[in-house]
Amino acid sequence: MERTATPVIELRNVSKYFGSVIALEDISMDVRAGEVMCLLGDNGAGKSTLIKIVSGVHPPDRGSLLVEGEEVSFSSPRDAMDRGIATVYQDLAMIPLMGISRNFFLGREPTKGAGPFRRFDVKLADRITREELDKIGIQVRDTAQPVATLSGGERQSVAIARAVYFGAKVLILDEPTSALGVKQAAIVLRYIARAREQGIAVVFISHNVHHAYAIGDRFTILNHGRSMGTFEKEEIGLQELERLMAGGAELERLEAELSGSGE
Amino acid sequence: MTQATVGERIREVGFLRRQLTRPELAAIAGAILVFAFFAITAGDQGFLTFGGTISYLQVAAQLGIVAVPVAMLMIAGEFDLSVGSMVGAAGIIIAITVTQYGWPLFAGVLLACAVALLVGFFNGYLVIKTGLPSFIVTLAMLFALRGLTIGFSRLITGRTQIGGLSEATQGDVLFPIFAGEVAGIPVSVFWWIGLAVLGTWVLQRTAFGNWIFGSGGDPVAARNVGVPVNRVKIILFMCTALSAALLATIQVMDAGSADVLRGELLELQAIAASVIGGVLLTGGYGSVVGAVFGALIFGMVQQGIFFTGVNTDWFLVFVGVMLLVAVLFNNVIRNRASKG
Amino acid sequence: GCGQQGGQQEGEGEQGGGGGLVPREEINIEFVTHASPDPFWSVVQNGVNQAAEDMGVNVNYRELDSYDIPQLQRNLEAAIAADPDGMVVSIPDPDALNDKIREATENGIPVVVINAGENDWRDVGALTYVGQTEYDAGVAAGERMAQEGVRSALCINHEQGNITLDMRCEGFEKGLGGQVKQIAVQPDPTAARNGIKTALRQNPDVEGLLTLNPGIADQALRALEESGRSEDVTFATFDLSPSVLRAVSRGEMLFATDQQQWLQGYLPIVLLTNYIQYGVRPVNTEIPTGPAFITEENAEQVIDLSRQGIR
Amino acid sequence: MTQATVGERIREVGFLRRQLTRPELAAIAGAILVFAFFAITAGDQGFLTFGGTISYLQVAAQLGIVAVPVAMLMIAGEFDLSVGSMVGAAGIIIAITVTQYGWPLFAGVLLACAVALLVGFFNGYLVIKTGLPSFIVTLAMLFALRGLTIGFSRLITGRTQIGGLSEATQGDVLFPIFAGEVAGIPVSVFWWIGLAVLGTWVLQRTAFGNWIFGSGGDPVAARNVGVPVNRVKIILFMCTALSAALLATIQVMDAGSADVLRGELLELQAIAASVIGGVLLTGGYGSVVGAVFGALIFGMVQQGIFFTGVNTDWFLVFVGVMLLVAVLFNNVIRNRASKG
Amino acid sequence: MERTATPVIELRNVSKYFGSVIALEDISMDVRAGEVMCLLGDNGAGKSTLIKIVSGVHPPDRGSLLVEGEEVSFSSPRDAMDRGIATVYQDLAMIPLMGISRNFFLGREPTKGAGPFRRFDVKLADRITREELDKIGIQVRDTAQPVATLSGGERQSVAIARAVYFGAKVLILDEPTSALGVKQAAIVLRYIARAREQGIAVVFISHNVHHAYAIGDRFTILNHGRSMGTFEKEEIGLQELERLMAGGAELERLEAELSGSGE
């Protein structure tokens, strides 16, 4: 597990507004190679907005974004991808009416042939898609099946498999396990662990404290668009993390009510 | 837990049935129905002869040449209402440069193509930059281009119809390419088939084709995974405009004249052919082959009535009803095939 | 009754025009008709432009995109609201338009009716009528063709529902005194040509063919050629174009009707200018511009004029 | 952790700016721009006079009467391309029944309305039952209806234009309702305003209006939460057809005649007016007020050129450019307003 | 906690096919008033398809559906709603461009006035929406904000609040907690418990074994479109349930790999 000095991704005093809504205010954060940074926070805290800034979907309204120490301003997600940043969006970024393998390779199609005869290598795409989905525990019957007809978990798996396959330097996962079954979720966590070992920087968003605590090296907690600080795993316990995420004592009362409730 | 499990959940579905669920094959079924109708009602009146076949194929071809790129643009989620005006404009450009300024034919055609590419680029650029719906941008272009055509044509020639190109065109080397015949079949039919093959290849077999589907299916998602949506759309707008210039060239050579009103309502027919062929108006789904057969249905219906000998007062009723029947038939076929 | 009406007009004319003090460059004339951008009206418009130049007056020439009577009503209203010194109008639909035009004349705007409205121009209080009705032109064409011994013919209508084209066909049938079948085709050249070809095949007995526009005539000529009927079908068209005239001069066509519509554009401007300036006008008469035919004998002479958009 | 937290995340945004983000207000801005343009360039040539105002208001009103329900149908996710043909058909029905069969005027109007409702129902029913795109179903209806109008009109009267209704209409009690004037303003303007108010009320203030948005926004989701999507759509198809019959009645009374080409291309203009007014072509978003101002922009541009004295050859260039400028201006306003 | 003899909902030998795909094969299941039936299973097992049959979205291809002992065939979701069945769909069934409160009441708008003046009571709708969302822990700034601009969890909360508000006899929740934060998830579980107390029958789908075990009375497990049986809570332990859900030993191996991973 290597850790370099300059962070792969760094955000400095970033703010983002949607009309009158303050989605993010003055956020600073960094992620280094070979570490998993967990972004935690309540619903609507601004997590998805934050990672959309990193992956080039939204430009920040204020503040700066640095990749490998160099200030960048992405004009499109393509720019971010070209710098090795792969993202699983919470709303998945898939084309409902397109087939699975076409979706898998959308924007990065493998080609064969040369010159004017360069063409989309459909066979290769189908094979890779099938293999990668197999690895994550999803068997597809037909790689041309429209994504719209997949189950929620199957769709999420395709998005994850795609990001992992293409993720070069940074892997960003926005609630990747939310719709997954126990087995698939475990596989995804293992993916993340493996990516970290390979020196990839991972940003991981989850509402599942157990998932997050199991895999995270550092934790940045957002609350209503503002950062509540970043904590090393050593600094903080599971209980403490949970309280920070849920934002208070109210939760404990609730949990008590539900007799025997786990988690 | 791998292949076995997959097999477990699949029922047997016949080959034919599976094929018929493909969008283009339903359009083919509609075309066959229309053909059968005319073969039965007017088969002994020349519909089935070579000449009869050419008469509707040529009409279908001219529509199809534009319908192919229009279908692709629609799959990418945009409309181009200006193709009809573009046909009129390109025709007048060729006619004026050749008859008034004595340019060689190829130069006139090149200028028309250049203008078309410019118009297409402008359409696309405006749609992308402003985020306005292409429907309204190209509608404005429809008016503006038609207006410019009328205005310049009258300014330069004092007329709205320019004839007398036959002498200039018929000896030209370009003539056989655009208006000649091969074995009695007008070359426009080959252009049509060629464009259809090219379009299908691009759409189904290239990365660019994948981007077209993505751009139309969900532009935000496509952009998020790195598809250069803007570039795709601008290129397609340029293609539709260029196809209009091609059609204009063919028409000018074939008819020996140009008219400021040429191509009127062509945009609607091209969109209709695409929709008949299964292209979704909302984008993201469809096929070139479907649009090709949509154009064929249109051509057969339009020319077929002359063979039946029905009073042409009822021409439009006929077009409407046949259109509906053909599309309904598509649909029945499709539903039958995809059901149980 | 007519004389009386004429008298009234003169009275009003005195207030509106007279005096000879209006400088020509201040005269505004609205030209509002059911014109569309087709070869026929192009010539009219050229006549208008020439007259405007010759007279030194301003003319606003207005046309329709397609045959649309409500739009024409609105155009008339707008023209009246602009308060011009004179108006040129056509009356393709008397019920819809007479009231509006009368409103103009009653407000003291001198009006000249052209092209359509032969029976209504007095009623709306116009100064005169210049032109020939489409119906009469059709009758003349029919009679001309009947002289050649044609008993049954096809009339090719390229814009179904446009009343002026209907009138041409109707008149043609009347003049021919035989059987006329209307065939509706698309305005698109290829579709029109192939449609005419098929129609010729379906009607092997027809002896005559009439088209209503020179563009369609070009296609009909080829249709005749390609179906080998050039010899036994007598072919004629409405309106001129260089290629039609060439065909006429080569004897491939019997004639092309020439309504001399240049005059329908030119004369009204001259008449109105003189009326506005000096209060003078033709009294209680109409000015027919047709029928005139271009045949093999005189076709060559007009080709050049046609190319310039005058014939 | 309640109200305070909410407040914490809201920035101050000016009232004006907030208002301008509403779709209809941008269309109003476009209308004002167009008005200002003509007021400056042609103000002294009659554009600002009462007569000038009426001339464009009436064009806008006639378009607007149809554009209001068309916009609502588009918000519900469907097109009706047959409204134009319906205007022609309804006009001929009234004219034939009154002049040929001597029916009283009100009976002719009632029959036209009944036919319109039937046609609308048929459109909607077909779209719902077959799942075919309404674009293609109503396109077939466009042809069929126009064809039936031409065919029957020629069959019964031998002509395509029927006059002589003035005597029958002008004394009729219905005349002031459809073709009269109030203080010099044609009643069609009041019909337009009335329909706009009614449409806005239905869309914004009733449960049915909520269903319209739902049906267009996502028909599957709407159906899943219990919206009777099919019923909503069929009713709206009937409304568009009925509005066409209303327009036809107004036109017939106003003109005293009918012809088979009335209403040609009206469907496109109505859709364009809606899109100019901010209605999404894909459904689910828009407003009636927007469509009303879209129609107004159309009317002003079309009639305004009259007063500028621009050569008519360039008329369409002018329409195209003005349209684009108006819509671009809308867009700039909207973006300015919604940005930081 | 009352339990009646006739089940509120009963499925008998239901099968459902999509083209060549067997989504469900020969499923039988029942839910009684005042109980929480958990539907468990891997991704793509057919859970969502099953509840779509119950809520009238899909008709079953074979088998029958009984509501309160009476055989029914729903021709639209409206029919199911009229029988008191409220559903939170996994894909949420919301109109992205419509405002929150309009979405909340879509299809069941409160009205005021009478006759032709009956109109949508927008004020009331706004107030109720705000209240209900407040209860679930979501503060909305503007009830006219388009749903598309809400965060994933906020959107899910709106759907849940809506179903709970309208749920009369049967409440069906398809992975309602997947995108929710710890606090909001706890609130939803409490909702379910309260619904059960009121004698409502609840069908609850989750991939979170802890959530399911905490709240479920009975568990039906689907695997590749087939039922693996229904178990009473007493019959089965958490561990056993987890193994059934994940479908085998592979999971345990995986979990061992991820040191210290919870869940």
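Each chain gets a letter, A, B, C, D and E, in the order it is written, and its residues are counted from 1.
Everything that follows uses one rule, which is that a residue touches a chain if its C-beta (ideal position, glycine included) is under 8 Å from a C-beta of that chain, and two chains touch if they have at least 3 such contacts.
As the structure is a computational prediction, the values presented were derived from the model and not from experiment.
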Review point. What are the chains that subunit C and subunit D both touch?
Key: B
Point to revise | Interface with the most contact pairs, given as the two chains involved | key: A-E
**Study point:** Rotational angle, Cα trace of subunit B fitted to subunit D, multiple of 5°
**Key:** 180
Check your understanding: Once you find the CA centre of subunit B and the CA centre of subunit D, what distance in Å lies between them?
Key -> 29
Exercise for review: State, to the nearest whole Å, the distance from the C-alpha centre of subunit A to the C-alpha centre of subunit D.
Suggested key: 47
Study note, to complete from the structure: Taking each chain's centre as the mean of its CA atoms, subunit D sits from subunit E at a distance in Å of 43
Revision key, fill the gap. Where subunit E touches two or more other chains simultaneously, the residues are 20-21, 91, 141, 247
Point to revise | In subunit C, residues with contacts to at least two other chains | key: 160
Study note, to complete from the structure: subunit D residues touching 2+ other chains are 5, 9-10, 146, 150, 280, 311, 315-316
Study note, to complete from the structure: Chains touch one another in the pairs A-B, A-D, A-E, B-C, B-D, B-E, C-D, D-E
Study note, to complete from the structure: Residue positions on subunit E within touch of subunit B in the complex are 17, 19-22, 61, 224-225, 247-248
Review point. What part of subunit D is in contact with subunit B in the complex they form?
Key: 126, 130-133, 135-137, 139-148, 150-151, 154-155, 268, 271-272, 275-276, 280-282, 311, 313-321, 323-324, 327-328, 331
Check your understanding: Which subunit D residues qualify as touching subunit C in the complex?
Key -> 45-46, 49-52, 54-56, 58-59, 62, 146, 150, 159-161, 163-166, 251, 254-257, 259-262, 264-265, 303, 306-307, 309, 311-312, 315-316
Point to revise | Touch list for subunit A against partner subunit B, complex | key: 55, 57, 76-78, 81, 87, 89, 91-98, 102, 105-109, 111, 118-120, 122, 134, 139-141, 162
Point to revise | Touch list for subunit B against partner subunit E, complex | key: 1, 5, 8-13, 18, 21, 338, 340
